[in-house]
Amino acid sequence: MSKAMELARHLETLHINNMYKNDFYWTWDKTDEELDAIFTVADALRDLRERNKSTRVFDSGLGISIFRDNSTRTRFSFASACNLLGLEEQVLDEKVSQIAHGETVRETANMVSFMAEVIGIRDDMFIGEGHKYQKTFIDALEEGYRDGILEQRPTLVNLQCDVDHPTQCMADMLHIIHYFGGVENLKGKKVAMTWAYSPSYGKPLSVPQGVVGLFTRFGMDVVLAHPEGYEIMPEIEEIAKKNAEQSGGSFSKCNSMAEAFKDADIVYPKSWAPFAAMEKRTKLYQQGDKAGIDALEKELLQQNAEHKDWACTEEMMSLTKDGKALYLHCLPADITGLSCKEGEVDNSVFDRYIVPLYKQASYKPYIIAAMIFLAKVKDPVKALMAMDASDELRKKF
Amino acid sequence: MSKAMELARHLETLHINNMYKNDFYWTWDKTDEELDAIFTVADALRDLRERNKSTRVFDSGLGISIFRDNSTRTRFSFASACNLLGLEEQVLDEKVSQIAHGETVRETANMVSFMAEVIGIRDDMFIGEGHKYQKTFIDALEEGYRDGILEQRPTLVNLQCDVDHPTQCMADMLHIIHYFGGVENLKGKKVAMTWAYSPSYGKPLSVPQGVVGLFTRFGMDVVLAHPEGYEIMPEIEEIAKKNAEQSGGSFSKCNSMAEAFKDADIVYPKSWAPFAAMEKRTKLYQQGDKAGIDALEKELLQQNAEHKDWACTEEMMSLTKDGKALYLHCLPADITGLSCKEGEVDNSVFDRYIVPLYKQASYKPYIIAAMIFLAKVKDPVKALMAMDASDELRKKF
Amino acid sequence: MSKAMELARHLETLHINNMYKNDFYWTWDKTDEELDAIFTVADALRDLRERNKSTRVFDSGLGISIFRDNSTRTRFSFASACNLLGLEEQVLDEKVSQIAHGETVRETANMVSFMAEVIGIRDDMFIGEGHKYQKTFIDALEEGYRDGILEQRPTLVNLQCDVDHPTQCMADMLHIIHYFGGVENLKGKKVAMTWAYSPSYGKPLSVPQGVVGLFTRFGMDVVLAHPEGYEIMPEIEEIAKKNAEQSGGSFSKCNSMAEAFKDADIVYPKSWAPFAAMEKRTKLYQQGDKAGIDALEKELLQQNAEHKDWACTEEMMSLTKDGKALYLHCLPADITGLSCKEGEVDNSVFDRYIVPLYKQASYKPYIIAAMIFLAKVKDPVKALMAMDASDELRKKF
């Protein structure tokens, strides 16, 4: 029996009725079985592709992407996922559209969606804004569908908001699952999700939040470490705590990178912005207070520079389990001596982990494809089995 | 019998031999039966899509879009139409190409068209220029095809020029036809195509011109209303008059919004630029007279601001037939108190008509697809029937 | 027997095992039989397309393009070639990606390639840089493929580097082959690859280098003519000499356009930058010496302006074989009195050759498609025969 077939059989055992015609905002909205289904379908689609089986679900249809922040990895992952399923990506570029002059999100959402099957949105710039935008967009589509304006209801894939970065963290997790030889081997593993210094101080909180919100569900001991002032959103810490209780793992916090790295099986050192300051910045932007923003940025750069010792050095790595913890990063990393003078990680450490790091990234297109697949395909088990049995090839010759 | 099948049978009764390998510039170039064919094919493609039938005509081939002005709706409509038929959209972005330095339109046209099936062009900025550009482009392709440079002759779909906006007005019309339960119910309906105030004074004339040039063909009483100085092109008024005579309707003009709205069944209040001033502006641009342009724009803004009472308010709407005329707009509208301080329409009016307005917009992808289909498919009746009978699905699972 | 079938039979006689899973940097890396294979497949794909046969190899997969310089012709040729084979083009736009801040080429290359089958790169701006970038990019993919990061190894198509412009020169050559009725008729034909004046002085050397590096392989007498100071890379001259010896043709140089044009069967007058100055410019750029660049550019413009007599005038054309040499250009040309005051070619000359010039350009999509095809299809003979025999149509109706 093929791997895809085995995975389809596993999928059959999961309760996932709620996924069809649904959206993907945050991992903590989803049940354990729903996340399992995404991992399962991602692996199945990968197996089918590797065995040169066609995985086209659609003969026509668009996948719309909206990137309100720069992107390479996620952009190409989304485009790849759409293409794999037979959808054509169309970018909604707010600069070359007519959207500027006061058009409502409701209108834009409907106008681009007449033939869209999926909307992928990255909006991670401002605390309290990114998720709201995605929600408003999808509410408008739900309404449009109910009112008979849209013939199909496009599904949302959150390509990073201010709260979570689910396609990233799910890809990270699938990488870990395979690295450790199965989800059953994760219990008791220690994960250090730590802040790290970077010359650019304003990175989104969605990765650390996504990681503690997701990794705590697998019975692991998740430690969140950062200098004072770099707290993440308290709601997410609450979620992490509850997850840990339910999964039999733990969630703890500390203000020392070394303590977090001590005996860790997995480390994820990464820069992010101070939450309270980000909230202040969002307000200053809303008020259009340019002087205030400049003053705040100066202050933040100073605060930031005080923590250059939060770096994933060789010394730091030697503290981990056998000195060989799995190093994770969502990429691109700020690499000391390569991409910047002082950054998140030593070049020698980064370089040693390049192959697993790139493999980590390779799961994202499949995670996204699985999210679309489960939201769009009524009987995903049957569909996988049909693809497995079909003699339609991805590459004919 | 399916709806698509019924529509195919109706298509069979129409004289449309001239549409194959032809272009779509203006609605008044087309016979009544040709327009009927477009509505019919648009409805048939929609029915096929709703019934999950594949409507792919092409296995490969490009649809080239050239937007010399901003666009969201039309851009996505064109991309959707191409995708629905199996073509991949490619945008010719004049900024990132080598076109700048004096390359002729003839050359560009041929260079991008070796594998193109359709060219969609929006060029609506300057009076006397937009249509000319489209014509030059297509003449070059015709020549290229005759000379054996091109293996196929791409068809033109006018995505808005300085004269007409046929994909918009055809979509508007198909909306009206369905709203009133059939084309036979339109006779004697009163349509008010009126100017309305907007803070941005320079919008193209192609929508009002397209509307009076098309709507007068259906036996309706079309009233064109605007303040003095906002005349449309006299040639188009002539066309509207002739159309009205032939169709048994009427075409009249007045300088009062209230008079136009009185007992109207349909209202289309929309800002446009003063024609004479636009002609002047085009000349100033050609002369590169920046000071002249600035002076003219100032003058126009002043003139414009004198007509803030031309707004589709609740009071104005109450004058219409039972106070319930169908409100149309090509979108985005300038909505008073929502997208601007004082605009084309009251927020409460706009909001009440959102569902029909968005439905109006939903016809555009199908209208464009129908235009391509009829220009490219030799036997459209047979093709629709084959699609209807086929078990190729749009969405396989 | 169809033309495609005949071509497939010819392909069967060629030794091309090395092409599968290989890349295309420069024509001089390839054997004569390999170049023959590309011409053969290009012609076969064209014949199949003209006969409305589907030439889809791929059911899904991306073609990534990276244009570090402007492009229209090559951009659309690449997009067309991808589309013809079933790949969706995705543009890697370095401006809207996260690449800016020090990300390595190795990382970017892997990140965009998880589902990519081909990478097309134009990087022709700086001597010594363009080829290096392509090589680094592909080495990273080779490594990624070996390390199991990538499931398939994308092939490179050089869309112009600082050294060669193989898709252009191969298209030029295929045009010549058809123009003269077969490759066997080229022996002894005289080709004048000459510099010509253009107001923009900094054009890449890749076209003249590509032409002398390729055309000398067909037994022709290739003359390279330019003013002093406009030498091409000496390595390429060496290649041209060796080619000429082997093919029984000749390669010579002179500093007179008239001498080169004398009795020529083919002329290719085109502006390019002085090589030594380009090297200097590259260094100044690397040093960030803006004043130095400005001074150099001024000097170059002066030097350039001394050679306005290097123009393809009617007088110059009258010197060629029967006054009727085949005029070639990669386009866009700088046309005297049309696109500039004084340029590379008289308007009357250019205009007389427009049809063959555009036909010359029409081969590029097929040349690119053939390069992809031969790198990706394991048994190209069988694939062409299957396509020829299949009843899958490119355009169904």
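We call the chains A, B and C, going by the order they appear; numbering starts again at 1 in every chain.
Heads up, the rule we're going with is that a residue touches a chain if its C-beta (ideal position, glycine included) is under 8 Å from a C-beta of that chain, and two chains touch if they have at least 3 such contacts.
Going by UniProt, the chains are A, B, C = Knotted carbamoyltransferase YgeW.
Here the structure is a predicted model, which is why all the values come from computation and not from measurement.
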Angle of the C-alpha superposing rotation, chain A to chain B, to the nearest 5 degrees: 120
Same or different contact residues where chain C meets its copy chain A, judged by the half mark: different
Distance from the mean Cα position of chain C to that of chain A, given in whole angstrom: 41
Sites on chain C at which at least two other chains make contact: 56, 88
For the chain B and chain A complex, residues of the former touching the latter: 46, 49-50, 54-56, 67, 70-73, 75-77, 79-80, 83-86, 88-89, 200, 331-332, 334-335, 338-340, 354-355, 358-359, 361-362, 364-365, 392-397
Contact footprint of chain C on chain B as seen in their complex: 56-62, 88, 90, 92, 96-99, 101-104, 106-108, 110-112, 114-115, 144, 147-151, 376-380, 382-383, 386
